[in-house]
Each structure stands twice: as C-alpha cells, then as structure tokens.
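Order of writing sets the labels: A, B, C and D. Residues in every chain begin at 1.
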Amino acid sequence: MAYGGPSSPTASAFAREPYPARTRHAYALTLSCDDEPGLVAAVTGTLARHGGNILEAQQFDDLDSGRFFMRVLFELGQGAGVQDLIRDFPQTVAARHMHWRIRARSERRRVMILASAQNHCLADLLYRYRVGEMNMEVVGVLSNHPRDALDIPLIGDIPFHHLPIEPGQRDRQEARMMRLIEDAGTELVVLARYMQILSDGFAAQLEGRCINIHHSFLPGFKGARPYHQAYDRGVKMIGATAHYVTADLDEGPIIIQEVEPISHADTPDELVRKGRDIERRVLARAVRHHLDDRILLNGRKTVVF
Amino acid sequence: MAYGGPSSPTASAFAREPYPARTRHAYALTLSCDDEPGLVAAVTGTLARHGGNILEAQQFDDLDSGRFFMRVLFELGQGAGVQDLIRDFPQTVAARHMHWRIRARSERRRVMILASAQNHCLADLLYRYRVGEMNMEVVGVLSNHPRDALDIPLIGDIPFHHLPIEPGQRDRQEARMMRLIEDAGTELVVLARYMQILSDGFAAQLEGRCINIHHSFLPGFKGARPYHQAYDRGVKMIGATAHYVTADLDEGPIIIQEVEPISHADTPDELVRKGRDIERRVLARAVRHHLDDRILLNGRKTVVF
Amino acid sequence: MAYGGPSSPTASAFAREPYPARTRHAYALTLSCDDEPGLVAAVTGTLARHGGNILEAQQFDDLDSGRFFMRVLFELGQGAGVQDLIRDFPQTVAARHMHWRIRARSERRRVMILASAQNHCLADLLYRYRVGEMNMEVVGVLSNHPRDALDIPLIGDIPFHHLPIEPGQRDRQEARMMRLIEDAGTELVVLARYMQILSDGFAAQLEGRCINIHHSFLPGFKGARPYHQAYDRGVKMIGATAHYVTADLDEGPIIIQEVEPISHADTPDELVRKGRDIERRVLARAVRHHLDDRILLNGRKTVVF
Amino acid sequence: MAYGGPSSPTASAFAREPYPARTRHAYALTLSCDDEPGLVAAVTGTLARHGGNILEAQQFDDLDSGRFFMRVLFELGQGAGVQDLIRDFPQTVAARHMHWRIRARSERRRVMILASAQNHCLADLLYRYRVGEMNMEVVGVLSNHPRDALDIPLIGDIPFHHLPIEPGQRDRQEARMMRLIEDAGTELVVLARYMQILSDGFAAQLEGRCINIHHSFLPGFKGARPYHQAYDRGVKMIGATAHYVTADLDEGPIIIQEVEPISHADTPDELVRKGRDIERRVLARAVRHHLDDRILLNGRKTVVF
C-alpha cells in the first residue's frame, strides 16, 4: 500500500526552489493610465520591437473612471536588453496620468512584516517564505512585543526590531518605525495582525505599499473584536479582508476576501480559531498577488488580474 | 457514447415524488426551553414509551442564554398513536418557557408567497414546488403587480392576489393582505424579493413565520441597492441573507448566508445577475429548512440543526 | 420597514433587457494559433488602425503545447466598419494553425436544447433565456419524451421536437436529429441532462459546439448513477462538470466544475436533489461562457478567459 | 487609525490557552450499535441519573446498515464521579454490536506524526499544537528523512525518530515503527504526507486510529502525482481528502474533503503549491474532528457529527 509516489531526495525542505524555467529572463509590465485607443498596440508593439514574447496578459478598461489597466508577463531573448526597453518605453507609449513599471520576475521584493502577539499570520508568512513560496526577501520583523514573546523560531536570522508602545510616544515610535522601514529599503510593509494605532500621516506615507489583514468580511463588523460582533449578530459565515492601508480606517482598497460557514454551536473562541485560518490564507494570497504584480490601484478599489 | 444512464419513464416530470419510504409515519419534534438536567432523558423516555424510534436528532445548549434546543425525527410503529403522545407530552416533560411541537413529516405546510417585479425567487420556488422538492402547499401568490406583469406560467391554478400599492393606503392594503394570509390558513409567508414597505405591526404579527431574502451579505450593505453599494466599495464577494422578518429592518434572525466571488470586471448589472442565483438558492434553502423543522429561534439568532 | 428599494415599474419581467450601453457596437475577437513573438502587437495594431478601442482582453501562452490564446472585447467608433477589419485581419495577422473569429456582441447565437425527463436544466435555461440573461436564441427543444411529459410551460412557442427512442433505430433517429439541428441553423447544442446514447460519429460532428452536463465531479464517478456511486463511496462533497462533447465518453474538454458539501445524513435521493442545483448552475455558467466567447479549445483542455 | 483592538499582553503566544470554562468537567460519549427503539432514552436516562447535563448531542440512524450512532457532550456536577457512570453504563444500555467510549474533554490524546520531505502538513500541525489549538500531546515525529533535512524548528523537544528506508527491509522497518508507536502509548497516528509504502498488515493494525491526507479529491486521481494527473486532464478544481488508513489503498473511510478552483494558467508546480494549502487545512480539520470525538466509523464510511 503506497501513499503517494516516491519520496523526494533528502535535500533540505527549506532550500529555495530553483525558479521555474518558464520565468527565466521573464518580466512583468504593469500600467495604468487614462484610456485612449491604440494603447495596447503601442505597448505590445514596443515589446515586440525589443524582442519580447508575451506569456500572459490582461487588459481592463474601467468605463466608470475612464482608466485603463494592463499587466503583461513577457520574456526577452538572449541578447535583448531590458534597459533599452525601459529607456524607450516612455517615448513610444504616451498617455495621460500614466503609471508604469517593468520588473524582472526573478527580482525578490524587500518586505518588512509588522506583528503583535497574535502571531499566526507572521508564522504562516515566514513558513511560506522559508519554503520558497513567496517571491520576497524579508528584510525585517518589527513588533511591539519582544522576540521571546512572539516565540517564532522561523524568524531565525531575520533582523528583529522590538519597538514597545509607550503612552504619549506614538509620534516618536512611528518616526523610528519609518526610519527602520526606509533604511532596510522596504518595498512592501505587511501588517500581519499588527494591532496598533497608526497615525494618518504614517498610513499616507505607505500608500499602495502596505497591506493589512482585517479579521472580518468588510464592510461588515468594522472596528474592534469583529468575531465577537459576528457572534452577537448571529451571522452564518465569517470572513477576512486583505486591503491596502489608507488614512481611512478599514476603508482602504480591498484586495481579497474569503469566508467560511459557521454555526450556532460556534463560540466566540471557536470563531477566533476558525478566523485564524481564513486570515492567514487571505493575507498570504494578497501578499503573493502584490509580489506577482497582479494588483493595480483604481482609486478606492483594486484591479486584480 | 452514453450520457448518464437509461432515461426514466415518460411520466410527467412534475408529478409529485412519492414521499420516500423512510419518512412514512415519521414525525418531527422540536423543543426549546430553559436548560435543566434530564431534559433529553425525559423527552426520549416519553418517545420510547409511546413506541417511537429515533431516526436523527440534535441537541444544543446555549450557555450564554441558558436555553436548550432539540430536534428529533422519529417513527411510530403501526399501532402507536401520535395523539396519545401529544396528549402525554406536557405531563412528562416540563421545563420553564418551553415551546414544543410535534408534526407529521408528511404534512405539507401552507405557504403564501409575496413577490414584486423581480420574479426570479418566485419562479424558482414554484419550480421546486412543482417537482415536489418542497414539502409545502402554496396557498397563494400575492403581488403589487398584476399577474400578467409577473408572467410566471408556473403560477397555474394557484390563487393569485393583486394588491396594487396606492399612496397613503398602506394600512388598508396591509389589512387586506393580512386577511388573505389568515383566510388561507397560511403557516409561512415568504417574501420572495417583495420590495415593499411593511409596517412594524405587520412584521410583528408574522414573527417567526415570515422569511425574507436580503440581497447582501448582512450586516454589510443594509438598505437599498446593495449591489450598487458593493460595486462602489469594491468588495471581492457578494452574497445574500435569508432571515426571519422582524420590526427591526434588516436585523431579523439570520437563517442562511452565502457568497460568491466577483471581480473588478463585474458591472453593477452583472452583480445583480450573479446575485439572482445566490438569492434564489439561499431563499429556497431557508424555506426548505423551515419546512423541515430545522430552525429554532434563539432571541435575535437562530439555531439551525 | 422596507425590504430593498422601490419596486421597478410594472413592465413584464420577461421583457428582454435592453443590451447594456457598454456593449453597443462592441465585438469579441477570439484567436488561437502556434505561439510566435509579436502576435499581440500585430492583432492590436490591426484593431487600432481600424478605430478599435479595447475594453477588456486576455492572452495566454501554453508553454506545454506551444499554443497562444487571445480574447479581446473592443468597440468600434461610429463610422468604422467591422467588415473592413474582418477583410484585413488575415493579411495583417499571420500565424500557423490560426483559428480566429470576430463576432458582434449583440449577436444572439442559435441554440438547440436536448432534454429528457429530468427537466431541471431545461427549465433553468429557459427561465434565464426568458429574462434576457443569456445572449442566445433558442431555436428548438428536442426530446425523446413528448412535450406534455416534459411539462415546462416556458417552452411556449419555441419549436418542440419529439423524437422517441425506438430499439435498433438509433442511426435513423440521429440522422433526424442532425437534420433538425442543421436546418435550424444551430450554432450550439446543449445537452441539458439528455440521457441518451449518442454515437461517436454524431458526437464528432458537433465537436466544439455541443456542451454536456455530467452529474459528477469528473474524473470521479464516470458513467451511470453517479450520485448513488458517491453515496456508496461515502464522499463528503458532490459536484457537476460541464464539458464539450467528444466521441470519448465523459472525457471531453472540461469547462466548469463546482461542488457542494454533503454529510452522512444525505440519502441518495437527497444527493440527487442537491445535485440538481449544482447541475443547473454549472450548465448555465458554461453555456453563458460559450456565448460570451470566453472558452477556447486547447486539445483535450479548455482555456477559459 | 487603529487596526483591530488593543493588543493582548506580552505573554508568550505559544503558551497553551487555558481550557475554556465551558468544558471543565466535561465529557464526550460516543456510541454505535445496531439500532433498536429506546436507545437514546436509555443512554440519556443513565446520564441524567448520574447528574449529567447535556451540552450538545447528535444521533443518526443509518437505515441502510441498520446501525445507530450517537455523540453526547455532557457535564458532570461537582460531586458526581465519571467512574460510577462508566461502571454502570453497560448494565443500563445494552444493544447488539455496541461500541462506546466516555472520555474527559480535558484529556489530550497521544499522537505520533509520520512525515517525509514534504513538510508543510507537519509544520502546520506543530504550529497548531504549539498555540494550543489541537487537544493532543505529540509523542513523537517519525520520518524516513533525518531531522536536519526536515528542518522544522517547531519539533523542539518532541522525540524525533529517523527510520531511513532500506531496500528489502520494509518488514523490519515497520516492526520498528510499530514498536515506537506502541511504546509511546500512541492513540492516533497521522500520516502528514508520509510518502512511503505501508504493508497491509501494518495498515490493518492501525485501523480506525491512523489518518492519512491524500492530495486529490478522491475517488478522482488515485495513486501517484495527482496534481500532474489533474493538470493533464484539465480539471477546473483540485482538492484533498483526509481518510482513515485501511489495507485498501486510497479506499479508506473518508473524513473530510475540500477543493479550490484552478485555471488553465496554473502549471503543475502552481497546483502543487495551491494543493499544499488545501492539504494542511483538510488534514488539520480531520485530526481535530478525531480528537473532538466527532467521527464514528460506519463500515467503509464515516459519520461526522
């Protein structure tokens, strides 16, 4: 009787997976701008002239806002240089209010994770990081609790910053946090159940590069203790929401939401436990989509390709 | 090449299914009361003395409210009389604030459906009724639109009542509705997207026997045009909620909720279309659970066995 | 207390929805071919030169098969003629083994539905058709049962063909079916739980334009009575699969699959009932995706944009 | 701007949660036997006479097999002794082929986990164990790989057994495994993606106390490399199945199944990655249900209350 096939060799399970063949010399282009005819032709014509071959692409035109969104995964041949493409791009594609970026798929983005005593999202992200599932470099873990209290062996040699909360010192603490974030060259901040007050200014500085997990199916149960709110209301499903952080609490652009059924027999403690599973899954998917250049901001909303 | 097995004989597909063998002479007992030790023993002892055999049962003790809930499906042997059981029951089982009911599983409850121009829930319920999927007798369809406007051939010979809305005449109209409901011996009223104002008094009179479908995942997007609210907020899932009607708008005890994923490409019209599928599924399940004696009221919540 | 917003006017709920504004003068281009660099640029360049504006598009490159797939929704301006575009297209875009099609979004495809005694999928498709949810023209309903037996009032004035199965006459019956299908100008055949033997030749003739619903989560429980198989095996979920019909039974390219949880308490009859809901939902989605030009064949598989 | 409520105190997040108040002095009774009238009355009467108060209970009568199943959570008052109840039980409740057990809810069952190089299920179970989510004592981790290769810091001081596979030595290795399992007083063996051949005899010895996770939605894709099979077939969902191990490969009684949608763009590697999430979730739920006395064997099937 066999369970599954032959076992893989005894190499460390934490060794980074070699990047799959199909993404060697591969790049992601993301672009948003005011819509006008001919955009896709201009972009893909430029790619073609530089020897690019498209692997996967999506385009979307928001008729409400008049904004156009595009994501292209493409490969460049051996001799072709991405720097030439990047230099030529703005001359060949011109549209109003255009944001664009070309990024090598092999590039790992620099991520700082903020966590509090609820450590399940932190533990989950670090496990996925260690097995090579997330295309990122964790440049630091920051918490208002000491490292021993978090008790996550997977932190290993990742720089750990303990910034305890002191009454009346929020501004000073946030200034130190921002310095740590910037000094580490952080490209994405992940609030992995970081249960602390952030000022509007701090949130604004991180706009579009800070993802939070809210432990409810927004817009239901905003604010504190959402699982207890859900229990009191007697809903039959609970959920979690990953969104970009904005100055407006629980109102940032939503990336992903998921739910699970519950029953009358679930106590608030059981909702909290079930919620942990949803939260860590939703947060990991949102971070992964961000690292995969799948999310484009569209005002208060997101386009997720 | 065959698709599926041999076809069933050419009898009308609308013929009522013969009630399955396992529920012949079967009964459902539902009971809620203040919790005290020995309740299950007292109830099941009484059933056993009357020759009852339990097919399926659930019990739940809400430690918050101190209320106990029980549902028992049981069979009685050939000679045994359910009337004896019903007569003896209150003498052998006594608890504070006890509500109980014993109902033959073969009994079809009398249901009145209220509908407006959005007819998908009405059409769905009537289809399920016609194929024998719902253990009910539809005693009437009531609408503020004329029958021709609803345009549902499945209404057939079911009594149809057209009560147009006239400004300033709500009290009079509701009095007529209530008379129709009562005259038909209605045991359950279903608001199948009946988009009209109901007074608090009307709602209160139907407490525990009137199910509504709300086209959002409550408590998110209460009130009007929830799909447009969802579109504006940029959520990534939409849902529907079936609940008992109370005087408190969109706050009645929730029976069932379901959701489906949506994307940035879904227009409000597409949300409305996708929502129709969720609504009719959720409403049918809630009505079915009610007819199946699976739902017990627990204050502002429900116990769904 | 209001349930939902103000009711819509008393126009017939079955009136066809006016086609939404965003798809006026809109077209869908679908294309598959052997992959080569520059394809997207060539296609979108051609569209741009003919005044096309892209609303939504997807591209996918299957690295295994070396095939490239593309779907573009685009609008043409007032003066622009789609006939010019269609004439120029093959000259400006050339690739090996290319299949392409440009279709007006307002065009309703001609659909023939085949049904047996299990009429839930037929009833569901016709309801969706009547409320304007499916962009199709039902040109006929064909059954081995007489119309009275099917008992679906929604058939209304749609041509109904009764072709009873006679032993040893399959070839003759299939020839008659094919003639009816072709005479009606049928573009898509839907097997809405049509539980009859089809010959390999018949299936081959309809390749890529005949959708079947199989009442299991393939590849589990192929063949007859899948719900009874599921019950006997004690699985905890049941499902349905919509796929294109091929000569190879239950092996055609899969379009959509969905499942629902079940429990030990579900009898085979209850599985059949729950399955009806899944089947009709899955079949409707698959047909809708086909009508929406979202599905491209990729050998034994599908690309669903 | 606050995310969530106030943070919890800086105690170690790995400290075991104090067992919630509602389960103090609480017990679980599970029972299966041939059905006969009066069983529930006899059982609950016995509980009542011993001062038991029922918190939650379910009963189910399988009309096919004629077997009756029951699970009761109950509390005993201060003075009441569970030993008296256990002693009296067989005298007051007698039925044919009866299996029954009364277990303190606070009792942690002894669990041995077997793992191979795919360590995600092991890592997940250990995390849940460390945060007090699983009511178990992990008495050992056993692998055919050395501890360094598994590289799971959470193993900590749990006894680790490395039993490398040597060709032609399976019998000897299994004998050593069984001795380790028995010596540790193991009550449940969990195959957390343990990808090795087990003999029929070994499987038979662990019947009803060994849970495996199969990385497909059984009965689809039995055997090796199910994600590659799924990719080749072009299915639109993948899943995982937790089941009790029997001598019959991939045919043991199913406990839980779950699925997730996939698309044409998912490579086999991506299916493997997505599958890891489903596998660890499904396995954890199955183990949790087992520890919670929710699963009763019913021949080749399970009853899951």
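Assume a contact is a pair of C-beta atoms (placed from the backbone, for glycine too) under 8 Å apart; a residue touches a chain by one contact, two chains touch by 3 or more.
All values reported here derive from a predicted model rather than from experimental measurement.
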| item | value |
| --- | --- |
| Chain pair with more C-beta contacts, A-D versus C-D | A-D |
| Most distant chain from chain D, judged by the mean position of its C-alpha atoms | C |
| Same vs different contact residues, chain B with chain D, by half of numbers used | same |
| Intercentroid distance (Cα basis), chain D paired with chain C, Å | 42 |
| Inter-centroid spacing, chain D versus chain B (mean Cα positions, whole Å) | 36 |
| Chain A and chain D: spacing of chain centres that average the CA atoms, whole Å | 33 |
| Multi-chain contact sites of chain C, meaning residues that touch two or more partners | 22, 56, 60, 265 |
| Pairwise touch network: line, ring, star, complete, or other | complete |
| Chain B residues within the chain A interface of the complex | 60, 62, 217-221, 233-237, 239, 253-259, 263-265, 298, 300-304 |
| Chain D partner contacts - residues on chain B that touch it in the complex | 22, 35-42, 44-45, 47-48, 51-61, 63 |
| Chain C to chain B touching residues, read off their complex | 1-14, 20, 22, 56, 116-120, 123, 127, 131, 133, 144-146, 148-151, 153-154, 156, 165, 191, 193-200, 203, 212, 214-215, 223-225, 245, 247-249, 265, 267, 269, 273, 276-277, 281 |
